[in-house]
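Written below as structure tokens is the structure these notes are about.
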């Protein structure tokens, strides 16, 4: 990792993804934020809850809607040392999904555990 | 059949404009007529010629312009909604024209179906 | 002829689909597209509500939006037809008018 | 009423208001549509359902949010011969409101009646 | 110190408030503003849910947004405090961080 | 206390920008510092100098510009979000500047609180 750009200030950043990909741009523009915060060497946490769990679904094919499939970017996050990815079990269950449906390794937690994690953050960015 | 199309959301932030575009292409391929495509609410942002998406993504504004040219589509941007949001002749993309809401009502009257995309 | 109701927003995020189902009369057509396609899948928390609606209304879901989201068209609820954009156009043509719940 | 501008074509237009005022611009921009369709002498129906019933609430005061209070416009609709206003009872009930809370005269109908009315329209515009 | 959760969208239109209530831990502050203020009123279909939340979280509602919508500040649910923009600022100051559910 | 503000929705279509403006005014009145106001997603439309609302309504874009001038606020528009949506130097309103997303992350690091308006 590079040296900290902010003279040692490392904050706990959490990005909360609550929306599907493609229907809106949020998933894509959150990824842009996430990649930048890695450059600032912050302690980055990515949360996928509610419809946000669908961002990680395997097997997307966007050819027929004429939009770019950006799901590969989630696989690339590891290369930026972004490894703290959380998904809550209830959101998966509600959508009939399981951990096997996801294209990256995540920590599957309960909503109660996610709530505790969130309480501990310094900066939370949600979309 | 004569379709009128209403697009109510801006490009990129929502899929509405993309869906409308695919619908129009499919309707034209089936031999239907597109009486008019009307852009209202944040839909007026689809007409900004300054929009410059990443080169590896689709270009929503340019795609509408191209389709309009190929099929002589009438793409109308609501003047009242556009003024509020900063869309004027000086940044209007090729293929679009700015006009009044009466153009939407007229489209509703003249077309067989009005199909709305986005809110 | 009856109405085509279209729903584009996720039924997990907004109440548009629920409002649509309250006002769609028996025999009407309903199309789920964009983020709403998740509502057509088997095994979700909304599956009973949607399967029930499919008994009185003609439910459809847009295949291209399923594929984009990695959702398997073979796993949509029974009674829901998968259509493409051309099918969307046909539905609009066959309806008396189109009501977009967004 | 003026002579029909479209050589006698009068269609049944329905405007379906589903959103609160002020939080978004839809209520205001729907009113702009409604006034124009009156100029085209169309058969205009205004429906207020879901949160849309809040557009008609008495006693709005927008001074502290710095936005224009446009609720007077609903009172002016009569002057444009727009008199078919419908509200559904269930939407009022869910929000703890009654017909007395509304600033204009409306027909309060059930959702079933509203559904029938909607089925009969030629053009439906919803926001 | 604990979080301030803000909710601006109507709980009748979107599920943001419901998601917020699932993740807000006891003792957290919650502010309803913009279209979400309807959720603070007595007599709505959501009143029980919100009154229940007010037992474990510190609920607030933005007065200017109530007034704009013609909603009577004297009829908000018991246990919900009405604040103005200055009060919103104070809530943000007193929180460890602010989570916007939008 | 040092606040950073994030505005995620465009003017007029949503109240988010209005609420953020009222919040900033109230924070300044209490003697707080506004480290930066960052505009992301559709929030970048708040910086269009071509926006021309009806004269009997508030002018969201001009209000931000005036407040920035009075209080030396740093109003930053995300360059990537702005390019997609057609906000560039040529239609940028006075008081705003276009810069990278790093400015948002820096604001998150430097400010005591980040408060988000709109989605």
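Letters A, B, C, D, E and F mark the chains as written, and numbering starts fresh at 1 in each.
Assume a contact is a pair of C-beta atoms (placed from the backbone, for glycine too) under 8 Å apart; a residue touches a chain by one contact, two chains touch by 3 or more.
The model shown is predicted, which means the values in this text are computed figures rather than measured ones.
Asker: Go through the assembly and pull out the chains touching chain E as well as chain F.
Answerer: A, D
Asker: Just tell me the minimum hop count from chain B to chain C, counting one hop per pair of touching chains.
Answerer: Minimum step count, chain B to chain C: 1.
Asker: Going by the stated contact rule, which chains contact chain B and chain E alike?
Answerer: A, C, D, F
Asker: Where are there more C-beta contacts: D-F or D-E?
Answerer: D-E
Asker: If I superpose chain A onto chain D using their CA atoms, what angle of rotation comes out, to the nearest 5 degrees?
Answerer: Nearest-5 rotation angle for the superposition: 180 degrees.
Asker: For chain B, which other chain has the most distant CA centre?
Answerer: E
Asker: Please identify which chain has its centre, taken as the mean of its CA atoms, farthest from the centre of chain C.
Answerer: Between chain C and the rest, the longest centre separation is with F.
Asker: At what distance in angstrom does the C-alpha mean of chain F lie from that of chain C?
Answerer: Centre-to-centre distance between chain C and chain F: 38 Å.
Asker: Averaged over CA atoms, how far is the centre of chain C from the centre of chain E? Could you give it in whole Å?
Answerer: About 33 Å, centre to centre.
Asker: State, to the nearest whole Å, the distance from the C-alpha centre of chain A to the C-alpha centre of chain F.
Answerer: 25
Asker: Between chain A and chain C, what is the separation of their C-alpha centroids in Å?
Answerer: 28
Asker: Note the residues in chain D that touch 2 or more other chains, in rising order.
Answerer: 18, 22-25, 50, 65, 67, 122-124, 126-127, in rising order.
Asker: Would you please write down the residue numbers of chain E that are in contact with two or more other chains?
Answerer: 8-9, 12-13, 15, 34-35, 64, 84-85, 97-98, 100, 102
Asker: Can you list the chain B residues in contact with two or more other chains?
Answerer: Touching at least two other chains: 8, 12-13, 15, 19, 22, 41, 80, 114, 116, 119.
Asker: Please list, in label order, each pair of chains that touches.
Answerer: So, checking each combination of chains, I get A-B, A-C, A-E, A-F, B-C, B-D, B-F, C-D, C-E, D-E, D-F, E-F as the touching pairs.
Asker: Show which residues of chain A lie in contact with chain F when the two form their complex.
Answerer: Of all residues in chain A, those touching chain F are 6, 9, 11, 13, 25-26, 29, 32-33, 36-37, 39-40, 42, 122-127.
Asker: Which bits of chain F are touching chain D when the two form their complex?
Answerer: 12-15, 18-19, 21-22, 56-58, 63
Asker: Which residues of chain C touch chain A in their complex?
Answerer: That would be residues 8-10, 12-13, 34-35, 38, 41-45, 47, 63-65, 67-72, 84-85 of chain C.
Asker: List the residues on chain E that touch chain A in their complex, please.
Answerer: Of all residues in chain E, those touching chain A are 2-3, 15, 19, 22-25, 28, 96-102.
Asker: How about chain E: which of its residues touch chain C in the complex?
Answerer: For chain E paired with chain C, touching residues are 12-15.
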